[in-house]
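In the two complexes that follow, chain A is the common piece, with chain B as its partner first and chain C second.
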Partner chain A sequence: MKRLLTRENIVRLLLAAALGGTIWKGFMKTPEAASHLRPDWYFESLIGDGENSAIMKERHHDVLEATDKAVRVRLSELRAGVYAPAPGSLVSEESLVRAIRKNQATRERAVDDVLRAEEKLARAKNLQAAGWRMGLGFGPAGEERP
Partner chain B sequence: MSRAARALRLGLWALPAGFVLGLGALVWFGAWHYPAMGLAGIPKTDSRAALEKAARGMTASEGLVFEDFDFAKFREAPTARDAYAWGAARCRARDGSTVFFWVYLEWSKKRGQWLRNYSLELAAPDDEIYFTRQHPGQLARARLALGKLLGQLAAHIREARQDLQRPDL
Partner chain C sequence: MLSSTTPAAGPAPATPSAARPGLFARPDWGLAAILLLAAFLLFYNLGQRPFWQDEAETACLARNVLKFGLPYATDGVNVVSQEEEREFDKTGGYLWRWSPWIQIYLQAAGFAVGGMETAAGRAPFALAALLSIFWTYRLVRRHFGDRSWALMAAALLTLSVPFLLIGRQARYYAPGTLFVLWTLDAFLSDWQHRLRPLLVTFLGMVLLFHANYLLFLSFAPTALAAAFLVYPERMQLKRLGLLAGATLAVAVVPGVLLYRIGRQSGMFDVLLVPENLMLYFADLCMFCIPLPVSIALCWRWRRFAVRLERPADPGERFVLFSAVLIVLSLLFLGIVPQRFFRYIAHLLPLCAILLAFCVRRLWNFSRVSAAMLFFLLAATNWLAVYPMERLKIVNRPWQNDFRMLTSINFPIKLFVAELVQGYPDVNTAIVDFFKANARPGQTVLAEYGELPLMFYVDGLRVLGGLQGPAPEGTRPDWVLRRRVVRVNRDRFLFGAREFTNAMDLPAGYERVPLPFPDETFGNRTDDPNHHYFIPVEPPQKELEIWRRKEGRS
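Take a look at the complex of A and B:
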């Protein structure tokens, strides 16, 4: 009779267990499984992520506004003769004016990012309030039309 | 084995060991020690005190005099329970010009205290906001970025040393 408890078989068993555990954990994180089997956890993570990203987008907007102010103050102090760039520095009146213009576009985008993050958070809260669950069948392809 | 061969073997072991120890020390300092330095005991609700303590140390290590916060914010995620504090500190440089310093802290749920996060001088002369397509060239950019990273590390080490000398700072 062949021995069952060999070193190879133990390794095979451990590998299978690890693979099974990974598949199970991944499956329990899909919206299909999580929204049906543990909706509290699902919506808590969805809303928690939404809150953290909304705060992050606000912070990114703030750092751009603060950078803009720093550049403008530096430009005015350069013109007033308070600030003098070191020889070979990247900072000059032209580069400061250019930096303000470049930052303008980034700041406009950041305003939009803040709004989108807030919308996404509101959407997650609405889904929770409506008791939404991920559909298990095949949904209609493309955009739904009334 | 001859003495020369033994010395060679020892040297070959000491080289990677020293490298690993040095890397470990860098990670310990950057990821564990420096972020927390002097911020233990400040409650989550008193983010202003934590921001001010961090700002004073950071700006002093860069040779700046901290004046006040241009603005400071505290935000807490109600469901995720993560908390953040950030602000722009107005400082005076040695030549009398104004410098704004970005200070960003995160509340660590694991360690139960405020931790310093990525903070830097805003619109510093080596900031990428001054970069344009051709100027400076790729190599000069890489050198500036590396210089900025090493400069920040040096400032953090200076801050840790002045924190040892003046714990009241």
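Take a look at the complex of A and C:
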């Protein structure tokens, strides 16, 4: 009699289970399925993601502002003669001015990042409040409303 | 598990002649159906979204080609530049000497045939993408004689949304992919003894260089290294030397001088290498070959990694060659300072061939699993994204929407939704606004998106963008400020931003209220992380356009 419990069959079974599990888990995480079948979990995930982004970007912005202030203080000290770089130091008036100029671009971007993260969070909350559901077809905005 | 074994190293057995059917001896309806679907996905609504910045750069140069015969960076009024005017010498007549010319001439050909339309400009590139799908099928069918494998590879490439996105771009990506496939097809032919495959390889190399030299530089040495590792018996040094010498003499040396590649080598930054490598491998796992498949193949080919034992099966050997080539290409590209998905787009057919091989082999072992694997690869991105999420290594930029390729989705559904519904593109909003409101001869200072404006709106003088500082004393009639701040090579603000920061806009200008969201790029599709398929809901900051108040000079 042919044995069912062979090494090959076990591998076949495990492989099918892994792929089937991925299909099941993947499908349940798509916006189409999750927004209909698990809306609470889905919108909590979206809002959680938005909140994380907002906090991260706000902190990033704060760090850049603090860095900029510190560099400016150091530059004013250097110009006032209060601070003198050690011999061989990489810090000079020129390098500090360059750092401030480079930081300006990063800071301007960070300001917009904070705003964009807040927009992302607001969008997630609005979608939840509106009872948004992802449509199954190719709708105008890929969505349907209840 | 998968049936083939990995015996000791040795020459690969010749493919049986029976496995090389006459390709056009009888019609392959499966292939015809795939190509029909691919043609729809590549050509439908091709001009709906306007050129974004990079495509518009090529379009402006192509328009100048039709006027002057050569790609000059100026039409006498506006200057095409995204590198603060490093791309040309003003004293040299503004001849474009930055990126290779094939894409410019291809787009010019499209314009010459179809008129100055977006779809006409993109059509030659979409055609190259369609041919790439055909050549993927042809390569597998011709050299390995497996129709199912060939069809599945073509189908997976057709349904690969990153490939479709790059195929619909008026840039070198699709032609580069096609040239790579031609070269590999010739390599698998008997180039050691026959003249034609040798000539095709040479031609493929030359075309690849003039499509994009970075593509050439990342492909040629890594393909050579992969070939030495996987096909040592095929490496005929005399012919190889001839090929390398001819390619160097005909393409590389003149190209280095024409495109002034030395000027761009100063961008190298060793600190970027680890991040680049990490992100390229993330791209590979997210958009090309799912991590579980890579792990399974690493395990299958462990003896190759340890003892250089190569698979006996010619098909599997080519798949191993493809995998080695992909890994080496990514390692090479890691040292290039600028990192974009477009630099690995030419590897997508190889990924499709590799994935189709896995499905084909799995079919002999477990049909249920093979069917599930094919479904996962063709219709979803779940196998790529879900394991990365579980391992907490998913590369999903925080700005991404949940209806993008970096989240679990049905990618092809998102893509078709955009195709059939259209997308409210930011560059359409900008172009339409200035067409309706600006008068010929007026000056627009645009922080970004200046190249689509130059291409689509006649008679305007367009300054700013990534050209460098605006001339001193400029008093633009219009100012377009963008929300995303861009920096130049030195990481300083671009000149246009510095210029508008220094302006007292409320004093001399009035803001025009606009309902259009200021999206970052528009139809940038070479990098899946940046492409939105479905419009994002409000709130989104609107475009910022300022009009000079009447009577102000």
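General observations
The definition used in the following text is that the second predicted complex is superposed on the first by the 138 of 146 C-alpha atoms of A that agree within 3 Å, B and C clash if a C-alpha of one lies under 4 Å from a C-alpha of the other, contacts with A are read in each partner's own complex, and residues count from 1 in each chain.
Rule of thumb we're sticking to: contacts are C-beta pairs under 8 Å (C-beta built on N, C-alpha and C of every residue); 3 or more make two chains touch, one makes a residue touch a chain.
Nothing here was measured: the structure is a model prediction, and the numbers come from that model.
Overlay on chain A: chain B and chain C fit together in the combined arrangement. In the superposed pair of complexes, A:V71 makes contact with chain B only, with no contact to chain C. In the overlay built on the shared chain, the residue A:F138 is in contact with chain C alone; chain B does not reach it. The partner of chain A that touches more of its residues, comparing chain B with chain C, is C. Looking at the shared chain after the overlay, A:G26 reaches chain C, while chain B stays out of its contact range. In the superposed model, A:V114 lies in contact with neither chain B nor chain C. When the shared chain is aligned, chain B comes close enough to touch A:V91, but chain C does not.
Contacts of A:K102 after superposition: both chain B and chain C are touched.
Shared-chain residue A:E44: touches chain B; no touch with chain C. Fitting both structures onto chain A leaves chain B and chain C with a minimum C-alpha separation of 5 Å. In the superposition on the C-alpha atoms of chain A, the part of chain A touched by chain B in one complex and by chain C in the other spans residues 52, 102.
Those residues of chain A lying in contact with chain B across their complex are 44, 47-49, 51-52, 55, 58-59, 62-63, 66-67, 69-71, 73-74, 77, 82-86, 89-91, 95-96, 98-99, 102-103. For chain B in complex with chain A, the touching residues are 70-71, 73, 75, 77-80, 82, 84, 86, 88, 95-100, 102, 104, 122-123, 125-127, 129-132, 135-136.
Residues 1, 292, 365-366, 368-369, 372-373, 375-376, 380, 382-383, 385-387, 398-399, 402-403, 407-410, 413-414, 416-417, 420-421, 483-485, 487, 490-493, 497, 533-541 of chain C are the ones that touch chain A when the two sit in their complex.
Contacts from chain A toward chain C in the complex involve residues 8, 11-12, 15-16, 18-20, 22-23, 25-27, 29-32, 46, 52-53, 56-57, 101-102, 104-105, 108-109, 112, 115-117, 119-120, 122-123, 126-127, 134, 138-143.
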